[in-house]
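Labels run A, B and C following the written order; every chain starts at residue 1.
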Amino acid sequence: MVTSEIYKKEYDVIIVGGGATGAGTARDCALRGLKVLLVERNDYSTGATGRNHGLMHSGARYAVTDGESASECISENMILRRIARHCVEETDGLFITLPEDDLQYQQTFVEACQRAGIRADIIDPEEARRIEPAVNPALIGAVRVPDAAIDPFRLTVANLLDARMHGADTLNYHEVEGLIINQGRVEGVKLFNKLSGEHAEVRGRVVVNAAGIWGQRIAQLAGVNISMFPARGALLIFGHRVNNMVINRCRKPANADILVPDDTVCVIGTTSDRIPIESVDDMRVTREEVDVLLKEGVKIAPSLATTRIIRAYAGVRPLVASDDDPSGRSISRGIVCLDHAKRDGLEGMITITGGKMMTYRLMGEIATNAVCAKLGNIAPCVTATQPLPGSEEDAPDQHDATKRYSFGQRAAIGRHGSLAARIEKDNDIDNALVCECEGVTVGEIKYAVHQLHVHNLVNLRRRTRVGMGTCQGKLCSCRAASLIGEFRHDVKGAQEDLAAFLDERWKGMRPVAWGDTLREAQLTAAIYEGLCGLDMAVNIEGKEDVQ
Amino acid sequence: MAERMQICNLSENNFEQCTKCSICTTVCPVAAVTTDYPGPKQAGPDGERYRLKDPAYYDKALKLCLNCKRCEIACPSGVHIADIIQHARMSASEGRRATLRDTLLANTDLLGTMANLVAPVANTTLGLKPTKWVMHSMMAIDKHRTFPAYSRQKFTTWFKRHAAKDQDAFPNHVSYFHGCYVNYNFPKLGQDLVKLMNAVGYGVHLLDKEQCCGVALIANGLYKQAKRQGRVNIDSIRASVSRDKREVITTSSSCTFNMRDEYPSMLGIDNADVRDSISLATRFIYRLVDEEKIKLIFKQNYKRRLAYHTACHMQRMGWQLYSIELLRMIPGLDLVELEQECCGISGTYGFKKENYERSQAIGSILFKSIEEAQVEAVTTDCETCKWQIEMSTGLPVENPISVLADALDVEATRKANLISD
Amino acid sequence: MRMDTVIMGGGLSGLSCGIALAKRGKRVAIVASGQSTMLFNGGSMELLGHIDGKAVSNPLEAIATLPQDHPYSKIGADRIASLAERAKLLLTDSGINMEGNAAANHWRITPMGVAKPAWLTLNDHLRIDDLHHLPAKRLALMCIRGFFDEPNSMLAQGLRDLGFEVDAIEFTTDDITALRRSPSEMRSTSLSKRMMSNAAMQRMADQINQLATDADLVLLPSVLGQNDDSDFQTLQAMTHKPLRLVATLPPAVAGMRMMKQLRHYFKMLGGTYLMGDSAVSGTFDGNRLTSVSTAKLADMPLKADHFVLATGSFISRGLVADYERVYEPVLGVDVDADSDPDRWTRFGILEPQAYSRFGVATDGELRCLKQGQVIENLHAIGSVLSGHDAVKMGDGTGVSMLTALAVNDHIIKG
């Protein structure tokens, strides 16, 4: 739908924030028959959703310290395995005890898991080494739990797609610059379109603040106060999958104690540091953080010491102050849903926050219940049973070795599940690979541009993995930038987009720019600056979506 | 960093050293002639990441790889691209049986033993039209191919009858890994080597036990058998080196490369203690000349114009300069060094019906350059290149050792090296 | 094995030096660990393109203003003109036909349609001497269907911004569509292999003749002639309009051609080129290097009177950066590099990066130092040298060729 027409419509609910929670809420609301608009200030899943481990917790990690979160996790974990098959890889996880850890903790841990309803089997260290050869062979104990890997980009897109298929409208690059408040009631949002520079007001009966850490600002715009405690975590991505199971340390949660196999790579994290709310947009990873991650990472899987590091990144967990504590110092555990009518006397606004990417669906359900209560809608929630688009029962499977798919087709099925059928593959040009590392074809890019809200290369990366491989977009990004320009009929922006994308990739490479990563960077410079003169063609100062 | 971990950010996983520069794709002879093959970058390091995620990502087209190693030679990052591809093929083939045709082609020594017994019959039979038709249609061995002629007498038989008894008298000694080709098809090369080595004061000896080096077995997926034979060879080589203090020399670049480099990397055979003692004869001889331990005296009236073709595996070993430098010592020899191109045969690859056309298309650049060189013969260190070039250009092809032996003034050389009769 | 000179590195600098020495009758071995970064070269040589972000119009004048640690300053600014002339001659002798003037940069056109200052450009590639007097008015930009390594739309836009009228014309031939059946291998270099036959060339010429009727000049992506410029000549003879090539994204046909021609010439002069081998260590005797061992020659090191380090920068692994330091991995000679890794790079990708200027330390004669001591018979040339920035200054190929020739002179003299 054309953006200007969206501006004129009136909605039942306007959701602010295009992370997993916002997308999940939009889907739920749409499935219950509400008229939905979702607005996101950048691209979808740019916040905490896209900046975590990609771990589908079993809940075991929280079992000892936070039983309630643990129970939520395991129940959502089981639901996501059914409804989001193409986003989930059922790897299972290990909680390992190393000689430096207290083996006593294992018992406490297993009991806590059982209390939370999480299956936790103590296995022999020998068995652990057999099922996961990458694990530190010095381990003295291991527990097997139903952890898994999940792709948050895919998950968010699938939720948005389903929301749209049920009538929702979604807008990325639309920042909320104010709320329309009339006599103590929120009646809509004031938007700034960052792509066109337009301002607009859109009316809705309820506004859901699902903006994660940035939710504090949205609340401020409404004149209410929510205290967030941003906790920053840095992670490292390695060049290929060292491990095929999630590996955790069996001890009190600490730095860099989880290694997750995510698609073609693996990710170690995280560090954890409280940061002031003003610096939540600064995602630079420091040398000290890299140091900690490596030092701890090799304890989990020694081969990380000799595996190529592709990049470093950081995210901010949106921890929220507990309303029960007048000092505002203690942190609320689990999901927080605030009805500002009850809490602050402001009608028409709900904040859904806290929680985890893992529990996004439940958060969506809780927020939607609150919306429906206000609007008098009595439709039941079906998001726990209805598969997401792409994940239907009969969806093709990338792991099916009996099928003769081309590399590009198989990779696309892995990314889009049954929706891969929408990718054109009837001629040689559509089947041509653009990103050779990740097997992204011209057809897939066409699909992403036309159907998955792709405005630029960074968007395309999140939808398809273009440029997420070992070379971080060295050759494919130019091809992809030209194609996006062609499909979007915008040549002028293509060079700037390309430069911004390479810059975004560089931001993650820089903290680990030694060894082969520095070689890679020099080659990129030789091609794009030396050979192509891209540096002379563009000015990327102040470009959006560059973090 | 506290524990000096990741100090290099240089991966031990060789495929990760790939910077995706795509240079390997420019030298792949297979991708140059067919779009069915995804090229070395896709088949190698790119594919490997996905295969590590799930073996379902294995692409059957990888069997089109010649294993010529040109990609590895071109790679500025030291990635063992062809090894990665071969390993992928190996893992994918686990539990699958090789076809009769592949087993037959791969067992060069079995085929050779049988053929030697009935050499005249075998040569006629293998050359006959009905036989070729049967091989082409029933066994998928291409009808254009002529099997190399089998010799009436094996090299080892000749050696035991005519040469063995004289060898102990020489002041220095080497062991000779003759390989299947010398033994069954072309004993003259072995005889040339004995002549050459004897002339410079080296006695030549056979190994305790020699089996086919297995290069064709590996190419045809018969890894277990290759490993068994490889162990036998390395044990024999070890005995020669440590017990008899004899270095081991060869006259085939493929056998040499296979035993030195493919044994550990493809078959997991530990040859670290003897690897440096396995050498191509030209390298061994060059060293002796270079260190002034021996002298080579060539005939005065010798005059030939030859082209030297660097076999792919020779280039991979980086040893072509020894053969070339030795040949350049022959005063009357006008040597043209051909630009390195693959001849397309790659051992048994070109023998297969499904590969014939591709094989010839790959070789066409080389054949053209041979034609343009206007030479009377070609010289190369690889026997399968020899078959291919002879079949495709009509020119005779000789091993550098034979060229040297032919040009050598034996008497003068013996005298110069103080060898009495 | 004994040589007069052993050169470590087989790229532009190593080959230039090797050719110059071999021409003087020297026995030279070049150890080349794989193909070189010339495969990223779009068909031009640069002496000096930019100083502080400003385009240089007269390189000879600008070189005189460079700081003392720049390799050109070490050679001596007064020698640049004659060395540049000799470098051009060396290229011509190798069969590489390039045009240009060391005292006046021309403009090469990049795949993204940017005009960049250049010293020499291949005769069959597009060059513009004066941006105010374009060589043609109407251009037909022939865009190969399904070929994604030429960003045609960016190129067309760039050319329009320069003042050309551009007609971007998509075309294909049977040979092109046949190659596109491969999802991954439609690269400029693979196209150039497919285009080698006269029949294929005729099919392309037919398309050009049919479609580009309205242009003064026809531009084609550089997908022709990986051996020499004869393929281009053939196509030109078949087409009715003047024709020029424009660089593509790598691997680049032009760079491949230049490398092949240089290598061929070097071998013709009797040089030994060890492709796919790499120098791994050296043996020193006091202030002299006596031999170099390679990975493949193993226990038979290369001995020589002179040695030249031409192993390139980080890309080519002539320099290595680990977590703590930058070093030269073969001989362990001294490097000029910042000791604080935080200062190697900057946050923005297009900002000048300090690491590009890192390299081995040399004395005024480009001799390497080891623990502060000059190694008398070891020179360094090309990208491995410190004090220049190929990316930001556009001096990479010039430094490679000119330092190679300067070192040749030192070796011949001494």
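The rule is short, and it goes like this: a residue touches a chain if its C-beta (ideal position, glycine included) is under 8 Å from a C-beta of that chain, and two chains touch if they have at least 3 such contacts.
Since the structure is predicted, the reported quantities are computational estimates derived from the model, not experimental observations.
Chain centroids computed from C-alpha atoms place C closest to the centre of all protein C-alpha atoms shown. Of the two interfaces, B-C and A-C, the higher number of touching C-beta pairs belongs to A-C. Centroids of chain A and chain B (each the mean of its C-alpha atoms) stand 53 Å apart.
Per-chain Cα centroids separate chain B from chain C by 35 Å. Per-chain CA centroids place chain A at a distance of 42 Å from chain C. For chain A, residues that reach two or more other chains under the stated contact definition are 407, 433, 436, 475, 514-515, 518-519, 523.
Chain C has residues 37, 40, 181, 183-184, 250, 315, 317, 320, 322-323 in contact with two or more other chains. Multi-chain contact residues of chain B, defined as those touching 2 or more other chains: 1, 6, 8-10, 19, 21-22, 38, 41-42, 77. Interface residues of chain A facing chain C in the complex, by the touch rule stated above, are 284, 287, 406-408, 428-429, 431-434, 436, 441-442, 475, 478-479, 481-483, 485-486, 491-492, 494-495, 499, 502-503, 505-507, 510, 513-515, 518-519, 521-527, 529-538, 540. Every residue of chain C that touches chain A in the complex is listed here, in rising order: 37, 40-42, 110-116, 145-146, 148-149, 151-154, 156-158, 177, 180-181, 183-184, 186, 247, 249-250, 252, 313-315, 317, 320-323, 341-342, 344-345, 347-350, 353, 355-356, 390-392, 394, 396.
Chain B meets chain A in the complex at residues 1-3, 5-6, 8-13, 15-22, 38, 41-42, 45-50, 52-60, 77. Residues of chain B touching chain C in their complex: 1, 4, 6-10, 19, 21-23, 25-27, 31-32, 35-36, 38-39, 41-42, 72-78, 276, 283, 286-287, 290, 315-319, 321, 325, 337, 339-340. Of all the residues in chain A, the ones that touch chain B in their complex are 239-241, 263-264, 291, 294-295, 298, 303-309, 398-401, 404, 407, 410-411, 433, 436-437, 439, 469-471, 474-475, 512, 514-520, 523.
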